[in-house]
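One structure below.
Chain lettering (A, B, C, D, E and F) follows the sequence in which the chains are written, and residue indices restart at 1 in each chain.
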Amino acid sequence: MSFENRPSGRASNDLRSIRIIRQYTRHAEGSVLIEFGDTKVICTASIEEKVPGFLKGKGQGWMTAEYGMLPRSTHTRMDREAAKGKQSGRTQEIQRLIGRSLRAAFDLQAFGERTLHLDCDVIQADGGTRTASITGAMVAAYDAVSKLAQAGLIPAIPIKHFVAAVSVGVFRGLPVLDLDYIEDADCDTDMNVVMTDAGHFVEVQGTAEGEAFDRATMNRLLDLAEHGIAELVRLQKAALELPQ
Amino acid sequence: MSFENRPSGRASNDLRSIRIIRQYTRHAEGSVLIEFGDTKVICTASIEEKVPGFLKGKGQGWMTAEYGMLPRSTHTRMDREAAKGKQSGRTQEIQRLIGRSLRAAFDLQAFGERTLHLDCDVIQADGGTRTASITGAMVAAYDAVSKLAQAGLIPAIPIKHFVAAVSVGVFRGLPVLDLDYIEDADCDTDMNVVMTDAGHFVEVQGTAEGEAFDRATMNRLLDLAEHGIAELVRLQKAALELPQ
Amino acid sequence: MSFENRPSGRASNDLRSIRIIRQYTRHAEGSVLIEFGDTKVICTASIEEKVPGFLKGKGQGWMTAEYGMLPRSTHTRMDREAAKGKQSGRTQEIQRLIGRSLRAAFDLQAFGERTLHLDCDVIQADGGTRTASITGAMVAAYDAVSKLAQAGLIPAIPIKHFVAAVSVGVFRGLPVLDLDYIEDADCDTDMNVVMTDAGHFVEVQGTAEGEAFDRATMNRLLDLAEHGIAELVRLQKAALELPQ
Amino acid sequence: MSFENRPSGRASNDLRSIRIIRQYTRHAEGSVLIEFGDTKVICTASIEEKVPGFLKGKGQGWMTAEYGMLPRSTHTRMDREAAKGKQSGRTQEIQRLIGRSLRAAFDLQAFGERTLHLDCDVIQADGGTRTASITGAMVAAYDAVSKLAQAGLIPAIPIKHFVAAVSVGVFRGLPVLDLDYIEDADCDTDMNVVMTDAGHFVEVQGTAEGEAFDRATMNRLLDLAEHGIAELVRLQKAALELPQ
Amino acid sequence: MSFENRPSGRASNDLRSIRIIRQYTRHAEGSVLIEFGDTKVICTASIEEKVPGFLKGKGQGWMTAEYGMLPRSTHTRMDREAAKGKQSGRTQEIQRLIGRSLRAAFDLQAFGERTLHLDCDVIQADGGTRTASITGAMVAAYDAVSKLAQAGLIPAIPIKHFVAAVSVGVFRGLPVLDLDYIEDADCDTDMNVVMTDAGHFVEVQGTAEGEAFDRATMNRLLDLAEHGIAELVRLQKAALELPQ
Amino acid sequence: MSFENRPSGRASNDLRSIRIIRQYTRHAEGSVLIEFGDTKVICTASIEEKVPGFLKGKGQGWMTAEYGMLPRSTHTRMDREAAKGKQSGRTQEIQRLIGRSLRAAFDLQAFGERTLHLDCDVIQADGGTRTASITGAMVAAYDAVSKLAQAGLIPAIPIKHFVAAVSVGVFRGLPVLDLDYIEDADCDTDMNVVMTDAGHFVEVQGTAEGEAFDRATMNRLLDLAEHGIAELVRLQKAALELPQ
């Protein structure tokens, strides 16, 4: 493990400091502020007692995810997407990823004819907003559906397994875990990995921003991701006061 | 003063508990979390070193304001405006109001060829989001331009006076100050007032939601607003550690 | 009363020449051309025998208002909003104001499951287009619902009171009534007031475009508005051949 | 010539009553109200002292046309295009036709680096709004460019010839001129013809709404159109007080 | 007949080489690649077993047409309309023309409660894309509805007559048939004609791009169009292996 | 290798029949029809002699990619994106992927101040449209830039290496290469892999549509992808008549 290489002084397999605060806002059925270091995302889970038209009468639930950034969550102010009248390709890609990742965790059959809306809004960005969003949305979603189960509206919590997400990448030649903005802006390869608490892959998205990467590098990156996700799932369950 | 009438137990001329936290996020030149009770708004002020085309070469500055709500800042989840592809009429009306109010406070001539972008994003709503936005944006804007002055980029802070905003209304027959959501949803008359620290009006917007109101009622409402705004300006200056 | 100050030579409490022509176009149930001096607005009221989905089966009516300007109604040609693909913030603000003002005049319960569409289209602008729109839409709406009552489709005309609107402002230091374009472009304070025939306020919207204004000024402006609106209501009723 | 066949009692080769009122609104360089019977269109011509980017420095002018209908100009209220956020295919087709027709009349080389904006807004519709628009826009455009010539900004009026437009169609088996709404809604064939004062074709657009039509019918329709347009050009020139 | 005048060496009354390939793609009920020389258009006909809401329960069918061009079907790359977020006026005009032309050929009453979607996508453009689209869509539509008839879902093929389309124009003073891009870009008059196999007109759209044209020219152009369309209908029927 | 399992009868490591036809349309600098079995995509490469504003004067080139599907390229007709007024999230995700993949192949520094526009339009879809698009766009791009080099406008072909793409997935428990539609619709895991001719990764995007997948499965899938891409690169070079 090299300690000099990362601007933050972190070891290559260190996560940033992770904080998960539940019940962050009042109205949502689940509401979490998640921090991956200086990246801060509000994740809310809202339950709506109906499903989209194409699912009516089929007895199963639905889940959607949306993602946004406050205009000045970033170093330089971005245009507000609502004012521009459209979401960027990046935004759509991220919210599709969040949705697929969380749907993999859920048993929508057991959820009844309801929709779970996940909203991930970045209030401060320092790299890794999509991985923090997925990891935080998992906790918010758990809180929301637990309330349904406690109220007897569903017989059990309709969650098949936990999912968490982390980025890995090659920064100055070194495979590292959980890239912050400085690392992200300057890395050769960037991979976002979503895994279950059983250590299985839900999503793997790797991009060579500079040099294409070889199979050995991919294997080292996947090792780091497995390590980081195990720790993130531990923190999710601790925040929810669940047995590990 | 009646103490029984308001659901919150507040006296008719009581503000909610007001909190103003500066430097709430890292990247913006000014960044404030303002709370009017359970209403929480992040107000950021971003400085851009250029002006829109129509002002180029005129030696003066520009200011714009945008407003948004997180989808689940409210009791029931609202559609995300970026996903719908347009801002509602209400959103546009509020951001125009914030912009006019803050422009009244500034000396844009003395600001140089710069643009100040104000972003007010509601993370939790309980009535009065526009008045909290104006009051918080004033503080964020002050912080942002102070840095320019401290850096010697402008000779003095280009602020003519402070502005703050508060709502007043008639709730169950009683004129009251700073309506929360329960009061707002059930009031006959609702008025938003923006005033300077000299006690002069910048904006007055009153609407009879139920019965039209008479001149005497308007006078009582304006009295309450004057009282509330004096207190809000005092809190703004305290947060900024300025002499009162 | 000063007679020299206003470019038009009007006394400070003079309205412009007001004309209200009913049945201006053929197809609408109510159709009015209203002129406030050189400001000319076509106001139509259209009755549709259904309500929006959220009101179906509730036994009550609905009312909406839309506002537009012909591209060359103004000194310099404006872009056509239909071609740009969106209504400006100003347009939306005005049509929301027209809608609220007229809804305050109506008993939508007594209107049955119908929608009243008000369309205010400015064909020539010289200041005060929103106040002319409200004042004219009142007459068009009265005509439209009268026909329903005459046809026995509703037991009585579902109007609680008349509303009219006028602008007041401080022009070259003088509080004046019903600003035309020259005055409007150069005034310090501009206030739009909507009142009932009983002299009560429905809407008050005041903005300090230059100097913030004090309480005494506001009182003088409200006095002027009360005077102007009484006259406008008299003209509305005369146009409708109703007893004053 | 049959006199019984048309609902209006007109002979098959009769135009409706045509009215052309110049200087209808104050601000536009050319402003005409044109009436083809109950069809009423405001046509304005606005001069802008610049051309689109692709023509800059080429020494020639440009012309554009836009078309709109007030929402309740028609029997049943139409949605407002500005509110829907897009112009219909029909609107775009008509404004492209108006533009092509008027460009054929002009010598844009001799117009200098200016843009002429034509706006045709229908305030009451009873069939033939596009032909009335073209015929009225010709007069408005003439007025606008005459002012430039009178002011010495261009050496001569840059108009090559007059254009006018009329509809013809087969109504209940009879070829007729200038269809009104009742005829238009029920005709088999509808043709819009734009011609110059020299009797040459600028545009011919014929559509078989029911039965396809044969060459002999087309010839009879073109005869009617020639007759009608000669009369319309005479009325245009009379309105402009030009020698016939 | 002049043989020197046209860049392609064609006689004035020559069509380009026409190719009609059926079953060009696999999924559509009817799928045709049509070539008018270097102009190549994929025309598909898709059957949907429902009608728009306003036709439900009326026992009749519906037909719509859409048109598009691949961005680099043209000499210079055009912007992609899907990326721009809107279809141009030209696109809308063409797809409205295709729809009207094909609706004239069909007996929508006999089609049952179905919708026929026609899609015409230009993969290579060399003039005449709209006439090729109409001519090819006729064949694709025939194929699609034949399958319904063969399957016994409708008693007979609901086609009243064949339609085909061709352009004619005046190129360097000479009336010519079926203009290619070079001719189209440089012609004085351009006319698109849609006719039935009985030689009757469905649509005639003529535009003077340079000089207005006289009645004699129109007659010569219509003669050419009649001749070309007779040949195109012969080729359509040959492609479908129908008796001529 | 199992030969019974796949509906097509292919072995698990068999590509579909691949066809690459160059110079498929006339106007584009590079134009390729690529077929992966029944999936057919037209890929064009267009050179524009300028760069976006933010790159002006920097001496380097730019590349963008756009993707579309003809409405009836699919089993069921899809809505046309141009008519809906927006590209779906899926479309944007794919065109971003194509752009990143091809940018990795190019030396944009050596390309000069030019933009290469890649357009991938699916005319028939049977699974794997994005991998066919990337593989075909590589060939079209090579053709386009070769012409520049041949013309002496750039000193050498600015391509660092070839890229190709293929899908792999787990179908009925079996890892397979190059999924067709039937396999894609029913697979548990789907991974798209983009690699260089040196066997290095440019993009890896794996999604568990059903069960999350373990590390051993990922390794088997990556083995298949390496094998398939080596073959695709061989076919690309053969089509371009380049030495292998």
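Basically, a residue touches a chain if its C-beta (ideal position, glycine included) is under 8 Å from a C-beta of that chain, and two chains touch if they have at least 3 such contacts.
These numbers come from a predicted model, not from an experiment.
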{"item": "Given chain B and chain E, the chains that contact each of them", "value": "none"}
{"item": "Other chains in touch with both chain A and chain F", "value": "none"}
{"item": "Identified repeat of the A-F interface (over half of residue pairs identical), from C-D, B-C or A-B", "value": "B-C"}
{"item": "Mean-CA-position distance for chain F and chain C (Å)", "value": "60"}
{"item": "Centroid spacing, where centroids are CA-atom means, of chain E and chain F in whole angstrom", "value": "33"}
{"item": "Gap in Å, rounded to a whole number, between the CA centres of chain E and chain D", "value": "28"}
{"item": "Shared interface positions of chain E, touching two or more other chains", "value": "85-86"}
{"item": "Chain B residues within the chain A interface of the complex", "value": "25-28, 31, 38, 40, 42, 44, 46, 48, 66, 68, 70-75, 77, 80-83, 85-87, 91, 117, 119, 121, 123-126"}
{"item": "List of chain E residues in touch with chain D within their complex", "value": "86, 89-90, 92-93, 95-96, 100, 104, 161, 191, 195-196, 198-208, 211-215, 218, 222, 226"}
